[in-house]
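The following block contains the structure, expressed as structure tokens.
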Amino acid sequence: MNRLAEWLSNIDVRILQAGLVIVVVFALVNPMGLSVPITEGATRAYESINSLPAGSKVIFAVSTNPGSAAEHAAMGPAILKHLVKDKIKIAFIPTGSQATAYVADYVNQAKKLGYKEGTDFVNLPFRAGDEKFVASLGTGFKSVYKELPSSPLWDSMVDIKSFSMWIDISGGQSQMWAIAHIGDPFKIPVVSGVNSNMIMNLEQYLKSGQLSGLLGGLAGGAQYEVLSGAPASGVASMDAQGFGYLWIILLLILGNIGYLTSKKAGTAKGGVTGD
Amino acid sequence: MIKGTVSTFGALVLFIGAWLIFASGTKRGKRFSIRRVAGIQAVDEAVERCTEMGRPVHFATGTGALDSSMIASFAIMSYIATKCAQMDTGLIVSAGLPEIYQISEGVVRQAYVEAGKMGSFRAENVRYLTSAVAAYEIAVDGLLHRENPGANLMFGPFNAEAMMIAERGNRLGLVQIAGTNSFLSLARFVATCDYVLIGDELYSAAAYLFRDKEPDRVNQVLAQDVLKLGAFLVILIGTILTSSGNGIVAKLLAK
Amino acid sequence: MTSLPIWIGAILTIGCYSFMFGENVLYSFCEHAMVGFAAAHLLVTGYNNILTMAWNPVFQKGQFIWLIPIIAGAMLYLRFVKPLAWIARIPLAFLIGAGTAMSVYRSLSAEFVKPIASTAGMAWNTPNNIIYIATVLAGLAYFVVSLKEKSALGQGFQKIGKVGQALMMIGFGASLAGNVGGTLSYLIGRMNFLFGTWLGIIK
Amino acid sequence: MKGRSALAVLVSTLTALVVFAARFVDVPVITVTSQRIMEWTVVVAAFALGLGAVNLARVSIKNISARRGKSWWLNIVTLVFLVVPAVTGIALGPNHKNYLWMYNTFYVPLNASIVALGVFWICSASYRAFRLRNLHSFLLLASSTIVMIGSMGLGQKYLPYSPKMSEWILNVVSSAIMRSMGIITAIGMAGVGLRIVVGLERRPLAGGDSGE
């Protein structure tokens, strides 16, 4: 028993890491089509966006960067498709300097879905300043975009109150800027799509109503795809993520079997104060 | 007043007011005290253990920006450096950003001077590694193996490197104490460290350690405590009133 | 048919993953290339901003007021000129002042008053509400450091705080799960690229 | 020297006061001034975006000319990947297809892959570092395991209650504790912010000198 425990706690970690890759790739190649558990945040995001009347205008703020792109790969397109289907007018705004490439992607997708620049959506350029920039959109929407040419849609966007929603796709900071400087003061609903490690911090704002929807990472995107009845890349990746979780849980158990048995034998290294 | 900002303004007035009252108290020579944060004891024990084993102490700052948590961490770094100087125990500091490195060097040097041990200060033991996460990890990993420290203390704005460094220190059986205000790193630290200073505790600990030298830090912590206790009371009273069908507190706060 | 960018992307991806076999030249190359490009991208977007927001209004439309931020911005670069480095602090102070005002306002309104108002509006009626309110109170109690340790009130707060600390661990656990999920999505993203876009194994 | 710091503090305090006041009172002079300040900060912040590039170029060139370190030639890599995209982007603009091609071909896979290395640390930490050493680590690991099981399809299929449990942790316990921590963090941020504005905290401003 002890030798087994010792063996279990001495596996070369690179084998375990390779195992994770194999498990994930296996699940990607052979999807099982398991169901996707839906969270309250995703349901509320879908319902808030679904209840927008046709023709209303929303801000689609993106601060995706290559690092977080995999987390936003499903939710962005899923929301965009839903907006186009419901004929909502969109103002794309990059709120992070690296997001311009991703906004360009969304613009191409919107065009493919039949949206026209200037009447159905506008593509606003990046502005530096982070929180200061978001705040200045609230106090003087057009003053930071003075050089933009006139178009029917752009002319109808007078100030921040022209919009019925702020949709924020980001790594985990800009939705707080949006809540504090746009959502709360101007009573504009904020729907936030974030990296999955941020949903726990933001759940409380969903509860207080400062957020009208919350999507967490790839899983959040998959949930939105299911809710809007258009399964795509997100749902296809969910089996792989599940298998990855399973692998990690397995490692947790393995590592702790070794630890607890060696602790019983009195060989484990202890800390100073362990509470 | 713009509608909806009255309560925020009230909070601000309460905060600044409390701060000013404490500050004027300090000016009149009054010394306020705060509770000793439990983590400080753990730090003491770690340094003592290193001294017994004759191994150095390792202090990592992480690769994050020079923010408020790093400023509090400098106070803790200074305390550890003083302790190490007094006990003739080596201290190695791994700094991430160039500016954090510069300040760290000054902080450690000052601590050695004040302890009267300038002779045993080694400038090369405060190291600028790099601010790129993966490269910082590699550098700390090599350092932990080469220098064989007895304790791994991690205070500051940690990013993704928290995971790897804490894991490596854990495997080497080091005493590990951490403090940061990043929720994500906190989760990783709690799972791998012996003691963790959670978020705001970092500031309280820093204020406690420097209560004599920089009493304005204590005043700040006290003023913050007024807001904390205020929040506690408002929630307690508010929920009791709401339970009895009186929603006045939530209504007032929406003003 | 896979194109050149996909091949480059695949080679760079594998280069980064080669880090798992220890530090090596390929990985270092990738890392240095990334650091360089990241800085270049910031420079490019910044330049574009200055051009459209300030430079063109001044030199095409004659709105000379925009010279002020241009001069202030240029002053930032004096930090590289030793004797004049202190001048760079002034525009920096301007940025920090505006930024801090924003963040203090956000902290006190959206992250302090609003959550308190939301909690105060709850009632001790359902089991979940009771747990919720008690958890918030216990969490707050943990961070109170000014009450006298010996007094009954101080001891009470410390005891409630201990419970709060334990409950925090549950919150951190949830955060950790989110962290695992996030990093798994990054892996999935890369594997989709390698085995889907590049090799065409994933449909 | 003292006067210089005082000037910086004066600038930051005045800026902060105007911007801050505009949030609370509806006085046209303040609102307009604050709006102007915000527009200007966007431009000044845009200038700041280039600081990193200039600093990186300086350090790289210095390292190359001094042949510093055994892998000094890697600085040439940094410099090439700094200069070529920078020149292209400045000449053509950040939305030009040639610049986006470079960005998507080189930067995206590099950044995404380096970030994706994180999962391997999680992997080795779960095996070697996340120990049930005390009540706290037990609570932490138990809650994270429940949330992980609850958010996967396998969990829903074989343990039908797991999504409910996970949702309960997220919506009740975790949400409440994060609310209290959020409140505490907000107080701390406000405290530090006020210190900076009134000049008690000089270090962030002193950072302006650390060009090297």
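Order of writing sets the labels: A, B, C and D. Residues in every chain begin at 1.
Just so we're on the same page, a contact is a pair of C-beta atoms (placed from the backbone, for glycine too) under 8 Å apart; a residue touches a chain by one contact, two chains touch by 3 or more.
Keep in mind it's a predicted model, so treat the numbers as computed, not measured.
Q: Out of B-C and A-B, which chain pair has the most contact pairs?
A: The greater number of contacts lies at B-C.
Q: What is the chain whose Cα centroid lies farthest from the Cα centroid of subunit B?
A: Centre of mass proxy via C-alpha means gives A as farthest from subunit B.
Q: How many angstrom lie between the centres of subunit B and subunit D, each centre taken as the mean Cα position?
A: Using C-alpha averages as centres, the distance is 19 Å.
Q: Measuring from the mean C-alpha position of subunit A to the mean C-alpha position of subunit B, what distance in angstrom results?
A: From the centre of subunit A to the centre of subunit B is 31 Å.
Q: For subunit C versus subunit D, what separation do you get between their C-alpha means, in angstrom?
A: Centre-to-centre distance between subunit C and subunit D: 3 Å.
Q: If I count partner chains per residue in subunit B, which residues reach a count of at least 2?
A: 2, 5, 8, 12, 15, 134, 183-184, 187-188, 190-191, 198-200, 227-228, 231 - these are the residues of subunit B that touch more than one other chain.
Q: Send over the residues of subunit C in touch with two or more other chains.
A: Residue numbers touching two or more other chains: 19-20, 31, 35, 41-42, 45-46, 48-49, 53, 98-99, 102-103, 105, 108-109, 111-112, 114-119, 133, 136-137, 140, 142-143, 165, 168-169, 171-176, 178-181, 184, 186-187, 189-190.
Q: Give the residues of subunit A touching no fewer than two other chains, as numbers and ranges.
A: 17, 20, 67, 69-70, 97, 100, 125-128, 130, 132, 135, 144, 184, 197, 199-201, 204, 207, 219, 241, 244-245, 248, 271, 274-275
Q: Quick one: in the complex, what on subunit B touches subunit D?
A: Residues in contact with subunit D: 1-2, 5, 8-9, 12, 15-16, 19, 66, 68, 71, 98-99, 102-103, 133-134, 160, 163-164, 166-167, 170-171, 181, 183, 187-188, 190-192, 198-200, 203, 216, 220, 223-224, 227-228, 231.
Q: Touching residues of subunit D toward subunit B in the complex: what are they?
A: Residues in contact with subunit B: 23-26, 114-115, 117-118, 121-122, 124-125, 128-131, 136-137, 140-141, 144, 178, 181, 183-185, 187-192, 194-195, 200-201, 203-204, 207, 210, 212.
Q: Quick one: in the complex, what on subunit C touches subunit B?
A: Spelled out, the residues of subunit C in touch with subunit B are 19, 23, 27, 31, 35, 105, 108-109, 112-114, 116-125, 133, 136-137, 140-147, 149, 154, 165, 168-169, 172-173, 175-176, 179.
Q: Which subunit A residues qualify as touching subunit C in the complex?
A: Interface residues on subunit A, with respect to subunit C: 14, 17, 20-21, 24-25, 28-29, 67, 69-71, 73, 97-98, 100, 125-128, 130-132, 135, 144, 146-147, 176-177, 179-181, 183-184, 195-201, 204-205, 207-210, 216-219, 233, 237, 240-241, 244-245, 248.
Q: Given the complex with subunit D, which residues does subunit C contribute to the contact?
A: 4-5, 8-10, 12-13, 15-17, 19-20, 28-50, 53-54, 66, 68-70, 72-74, 76-77, 79-80, 85-86, 88-105, 107-108, 111-112, 115-116, 119, 128, 131-133, 135-140, 142-143, 164-181, 183-184, 186-187, 189-190, 193
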